[in-house]
Structure formats: C-alpha cells, structure tokens
Amino acid sequence: MKRYIDIYLSMMKLSILEQWQYPLANYFYMIGMIAEPVIYMVVWSTVAMQQGGMVGGYTPGEFAAYYIVWTLVRSMNVVFTPYGWEWRIREGQLSMSLMRPIHPLHADVAFFAGWKVVVILLWLPLAFALTLIFKPELNPTLLEMIVFFFAIWFAYLIRTMTLTLIGMVTFWTTRVSALFELYFAAELILSGRLVPLSLMPEWIQSFAWFFPFRWAFGFPIESLVGNMPLNELLIGLGMQIAWIIVGIIFVNIIWKIAIRKFSAVGG
Amino acid sequence: MKGISLAYNYLRIGILNEFQYRANLYIQILQTFIALATGLIGLNLVFSQTTALGGWSKPELLAVMGVFTLIGGIIRAAIQPNMERLMEEIREGTLDYALTKPADAQLLISVREFRLWQIVDIITGFVVLAVALSQLNWLIDLWSVLGFLSALVMGSMMIYSFWLIITSTAFWFIRVQEIANLFEGLYAAGRWPIDIYPNWLRYGLTFLVPVAFAISIPSQALTGRLTLETWFGALVFTVFLFLFARGIFKLGLKGYSGASA
Amino acid sequence: MPSVISLQKLAKHYQVPEREAGLKAAAKGLFKRQYKNVKAVDEISFEIQPGEVVGFLGPNGAGKTTTLKMLSGLLHPTSGSASVLDFEPARRSHDFLRQITLVMGNRNQLSWDLPALDSFDLQRAIYSIPADEFKRTRDAFIEILEVGDLVQKPIRNLSLGERMKMEIVGALLHRPKILFLDEPTLGLDVTMQKRIRTFIAEYNKRYGATVLLTSHYMADVEALCKRIIVIHHGKLLFDGNLSQLAEKFSAFKTIGFTLENPATDLSQFGEVVSTDGSRIVMRVPKEKTSAVTSRLLNDLSVEDLTVEAAPIEDVIESVFAVKKEAVE
C-alpha cells in the first residue's frame, strides 16, 4: 500500500510538472472545449427566454450554471483515448511500460489524476470569467459541494475504465475508429453533455439510467446545480462506485486476455 | 501555370492513395451519419420546445446545418489535413523537404493532402440543403445561386487563410495543435444562427474566426437576404485575410530557414 | 556455476499475411488473406553464466530482438523454454521484472518535457528503491557518465546521445542483475558510443551483472564481449569467443609487407587490397596463406611481412554472405 501511494504521488508530481510547462497550450485546449457548452448555453437560454423564462425546469441562469459546471466535469472526463492506445501499441510504448514491475494502468490513472490537479487550477479563473459573463444561478449547499467533489473524481474513474475497455479493442484490430465514433455519439446523447437529461424525452432518460455515461457526466453536474434530495445524491454516488467496480473487474479480465494476445504476436 | 499542374498532380496522387483505403469510405459514411444524426437530434430537441430560434424557423436552420456540413467537409477534405501536416513538419523540422521543391512554398504546402472520402460530407451537406430549401418552397433564382456559390468560395478562402495564420504561428510557438482544437470548437458555433450569440462572441466569431461569414453568408444568399454591400464587404475581407495570411506565412518561413540547420 | 540465462530449443513462429505486390493483388487480399508461417526464432539453445557480457549478432531480421523480447517476458515462445534467474520470463512476475532491464536504442521512457532527475524519481518509486541507495546509485552513474549538468535540463533539449545516456541511467537505477541491450548505441557518434560502452563495462564490473547485447557496431562488440552468439534466419550459427569466430569463418587472411621494387606484378600471388608507397596489403584465401607467404619470401625481396586475421566486420560479413549463398 505504501509503495502504491509512493508511486501515485511520484507519477502525479511528474505529470503536474510536465503539464505546468505548457499553461498556455492547456488554456487553449480548455478554451476550445468551452466553445461547445457556450453554444449549448446560448441556444438553450434563448429558447428558455422565448418560452417565458423556463424550459425543462431550467431558467437561463440555471442553464448558465449547468454549462459552467459542465466545463469542469468535461475536463475531469479527459482520459487516455482509444486513439492513444493505438499509438501506444504501434510505437512500442506499451512494451516499455510492460517491463516495469507495476500494472501499466496504475500509471495511466495516476498520470491523468496529476493532470487534473493542473486542470482544476487553470479552470478556476476561466469559471470566474464565465460567471461574470453569463450570471449563473448557483447556490449549492455544503453537502452538495462535498458530494460534487467526490462525484467529479468518481466520474474521472468511471470514464477511465470505460475508455480503457474501448481502447483495449486496438489489441485485436486497428480499424476501430468507427466503433469509437459510435461510442462517443452515444455518450453525447445519453450523458447530459448535449443537454441536461431532463430535456430529453422520457424514454431516453430512463434508458440513460442503465449506462455509465450519465454517472460520469450528468450526475456530477446535477449534484451541484440540481437541488437533488439527499437520497438521490447518495444513490448517484452509489451508482458511480458500482460502475467503477464493474469497470475494474472488466478491465482486469480483458487486460489479461489482451496481454496474452499481445505476447503471442509481439509488439 | 506550373503551380496548377503541380496542384493537380498532388491531388491525383492523393486521390489514388485514398482508393487504397476503401474501408475509410465506410468509416466516413458512418461518421457523417453520426454527425448528421446528433445534429438533427439537437435541432429537434430545440424545436420540440419552441417554434422559432432568434427569428429563424426550423427549415431555415436546417439549411444552415446543410451549409455547415458542406463547408465542414471542404475544410476536412482540403484545408485541415494540409495544415496539420505543415504543423507537424514545422515542429519536427522536416519542412525542408517541401521547401526545396521549385514551386511557390505556400501553394505547395496547401495542396499536398486531399481527403477524398470527405466528399461524403459535402454531398450530405447538399442533400440537407436541398431538403431544407424544398421545405421553404424555394424557387431557383440565378442570382441567389451565383451569390451562394461565390459566398461558398469566399467562405472557404477565409477559413483557409485563418488556418494558415494559426498554423504559421507554429514557426514561433511549438505546441499549436491546441489552437486547431480551439478552431474546431468555435466552428461548431456555426451550426446555429449567428444572431443568437451575445455581441462579444458574435464579433469574435466573425472577425477572429471567420465562421459567421463562411456559413451565414452562403445561407443568406440562398434565402435572399444577402445584400450587395455585404457581398462586397465579404470580398474585401477575403482578399485582406488572404494577403495577411500569406504575409505571416512568409515571415515565419524566413525565420525557419535560418533556424533549421 | 549455475547459469542465469538458459534457453532450451526456444522458438517463436509468426503468422504473416502474404501479399504480392501490385494494386490488384492488394485488392484481392482484402477478401482472402494468405498466411505464411515464419520462424523468427528457430529452436535456439544456449546458457549464459553470471557476469558474462555476450554479444548477440546477426543481420536485420535474424531474430535478435524477438529473442530478447522472449527473454524479457514481452513475448511468449511458440515452443521450447527460457529461464532467466530461474524465472519463466513470460509470466512477467514483478520479482523478475525488478531484477532485469531492457534498453532499446529507439525507445524512450523518460518524460520528454522534464529534466531526467524528475523521471528518475519515478523510477525510484516504481522499483521501490530505498531513498539512500537510490541517491548513491544515481550519483555514481551521473559521475561515471559525466552528465551532472545534463540531468537538470529537459530531455527534449538534449542531443540524441545525451538522451540515450539518460535512458540508460534510468533503466539501470534499480541495479538490475540482467541487462538486455538492443542496439544501445544506434545512431550515436563515435565518442558517445565509446562513453556508453565504457559505462556498460563499468556497470558489469561493479555489480557483476550479466549483459546480453546486440549492436550493429562491431566496435561495441569487440570492446565489451568476450563471447559472441551469432544467429541467422532464426538459427544459431555460432557460439564462442571472438577469436574463434574469426578462426572459424574468416575465409581470408591479410598479408602485409614492404616491397623493394613497387612495380612488381603481384597478381599471381593474390588480391591487392591497398598500396601505400612501398607498403602492400594483400588478401589471400586462408588455406593458401602459408604457401603464398613462402613464395613471397622466396621469389621477391620483401620485408616486415605480417599475417593477420581479417577485421571482425569482414568476418561477420563473410559469415552472412556464406550463409546466404547456402540458403538461396
């Protein structure tokens, strides 16, 4: 245990130092990312205004709150992509990490966790600017803030697991970009990224409950802006933990098979 | 003249190359389909709550989406791949290979890549546009067609120039892929009518990233909203942006030749 | 002494898609793939004792890297067995990985944007190296390689050779007992090669580590390895020491001598390799060496006559040339 803490801290330190070298590039990346929610925010605020100030239970101010928090959750969702897996296998980086006496996924989780620390720090002034411009209505309670804190890190872990699973498909075939695109499209619709799920038709909302997407995206946002009752907050955290556990189990099973395959054909 | 034959040759090689990877065609069709589906879902979600968005009706926004898809296809077929390659070569210091060829450097770096299968996007854009126009009971009118086509050319030139400007900054700053990412984000704003955005963003979109011009002016031409003044304004802006981009590129090139030893 | 590396009829076969050149054939290949069984490593056996430095030679595609990957656990053998420090490499147990290292000349694992020192600290954590031991080892390596000022600079600002030095330090910080080095000096200039060579020799001496090394540069092999293993087309061709290799495979010897009358026609004696004033170097088939020498001494007035084995590069080249003829 002590060893793993040491490894995690060292890896996070390394990635923080690394990312800190490029604050400007990181900022451009985040600003590029912010265009998307700003567009949604503007569109839906316009709709809400036309409908007498509210649509789907959201006022323009609440939309602003939703999409500003969205930007942080989206940043927490950035993990090693399937395309990264393709690169890592092709370039032989995987071989190098397999030579270390530690599961390579630990390195991934720790590396991106370190990056998140930088991202959150850089996000704060950005969120401040967006708040001045779009005047969100956001009055979270202390409890909601605590739940939100855990929810965004759980969201990070859920998405790490799902994208690792998708990424490992590259062990078998490299022509999988179609699969990735389908996955990302499903995620866009079912996660609450495109619009708050409450604006979706009923059947999509109940459908979304059974997929990991909303627990990695919509739920953390709603926990802060949605005035959810305590039991719903706890159920949400429970679902997140459940998905993390399911994810870890599947990742481990597929990983074993994938490595056996990798060791058979070489890297 | 030599330049044109050079461009033609690169294009030919690019297309032949693409034929080698026919599987990419199916992937492209799927990607276009997904983008179209999510776009339509977004549009339907909005219009399930309201009948007009900032004074635009649903068929009108569908037309905007058609133009958006169409120009997006042009960007990804001819502009973006060339610029990404340029960016890569500046960073890796391998641009010299291109510069030693006896042709105008800017022309050369702009025609080396061509993604044929993006034509799926371009066709889809036209189809969406046609559907939207028929919903609008549009009658073919020579002037609006000419206006549309010329606006399309100007819009593509503007976006090309803008890309060249940001790519050329790679001569001075190393990691610029994030700027490309920024463009993609802002381009997505073109899916919706420009007048719903707050003023600061509208001006940003129009002048910084010429998205509004590129997408809304062709749309305006089709719906008969384009005035001659706006058309001339766009023309002047296109020429200015092109010359500016050329200047920046040449400036960067000058510094590069000195540094790469 | 028990061996630390032991291979018993180790083999690795690949299924490789077979395709003819041309567009038509490529199109056909889209539907039906033909596969060919390629024996990358074909029943190789050898043993290596603790502390040995062994040169592992062969032309490109001979199966060197495949063998190293099997020995370090990245690849599963198709048949036969390998044992390294009494571990079965393919199981990749953490205790095994902690005692070996694999350095590949064209791969890097240090953070590109940071000084090497930061990456070294991660190695410490991953290999659970006690802090004081880590510091001692690190500083010793830095001193031997004379890179004290480089470890503070971001890797991306270093030259290829400087980067390789850092990679090697990083790969050896946990003081592995077994070193698999795949082209560690690839693409480096001569002084850099020399420095890295000296370091490997020093590491071997200091910690008694065992080294299995592939290199394209014969200078590496000559300087470091007493023993040579040569493979070709996946098969073991030779296992012995350097001079035996020359003995066994060199088809020629070189005869050098000074001639009083440089105008003499020498074509009847053998092939003249170089002429430098009155100094002549000739190449003659090995079995004719003594005959030619005595004829030279008898027929002509020559001085300072020397007979030498061909340089190792020529030997290796002729080994593979001979083999090629035999195969094709």
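Note that the chains take the letters A, B and C in the order they are written out, and that residue 1 is the start of every chain.
Heads up, the rule we're going with is that a contact is a pair of C-beta atoms (placed from the backbone, for glycine too) under 8 Å apart; a residue touches a chain by one contact, two chains touch by 3 or more.
All of these numbers come straight from a predicted model, not from anything done at the bench.
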(request) Specify the chain with the shortest distance from its C-alpha centroid to the centroid of every protein C-alpha atom present. (result) A
(request) Give the label of the chain whose average Cα location is farthest from that of subunit B. (result) C
(message) Using Cα averages as centroids, what's the distance between subunit A and subunit B in whole Å?
(response) 29
(request) Could you put a whole-Å number on the gap between the CA centroids of subunit B and subunit C? (result) 52
(request) Calculate how many whole Å lie between the centre of subunit A and the centre of subunit C, each centre taken as the average of the chain's C-alpha atoms. (result) 46
(request) Would you pick out the residues of subunit A that each touch at least 2 other chains? (result) 22
(request) Within their complex, state which residues of subunit B touch subunit A. (result) 23, 26-27, 30-31, 34, 37-38, 41-42, 45-46, 49-50, 52-54, 173, 175, 178-179, 181-186, 188-189, 191-192, 196-198, 200-201
(message) Under the stated contact criterion, what part of subunit C meets subunit A in this complex?
(response) 14, 66, 69, 72-76, 90, 92, 94-95, 97-98, 100-102, 104, 107, 109, 111, 113-114, 118-119, 121-122, 124-128, 154
(request) Please give the residue numbers of subunit A that touch subunit C in the complex, ascending. (result) 3, 6-7, 9-11, 13-14, 17-18, 21-22, 92-93, 95-102, 260, 263-267
(request) Please name which positions on subunit A make contact with subunit B in the complex. (result) 22, 24-26, 28-29, 31-36, 38-39, 42-44, 46-47, 50-51, 55-56, 133, 175, 177-178, 181-182, 185, 188-189, 194-195, 199-200
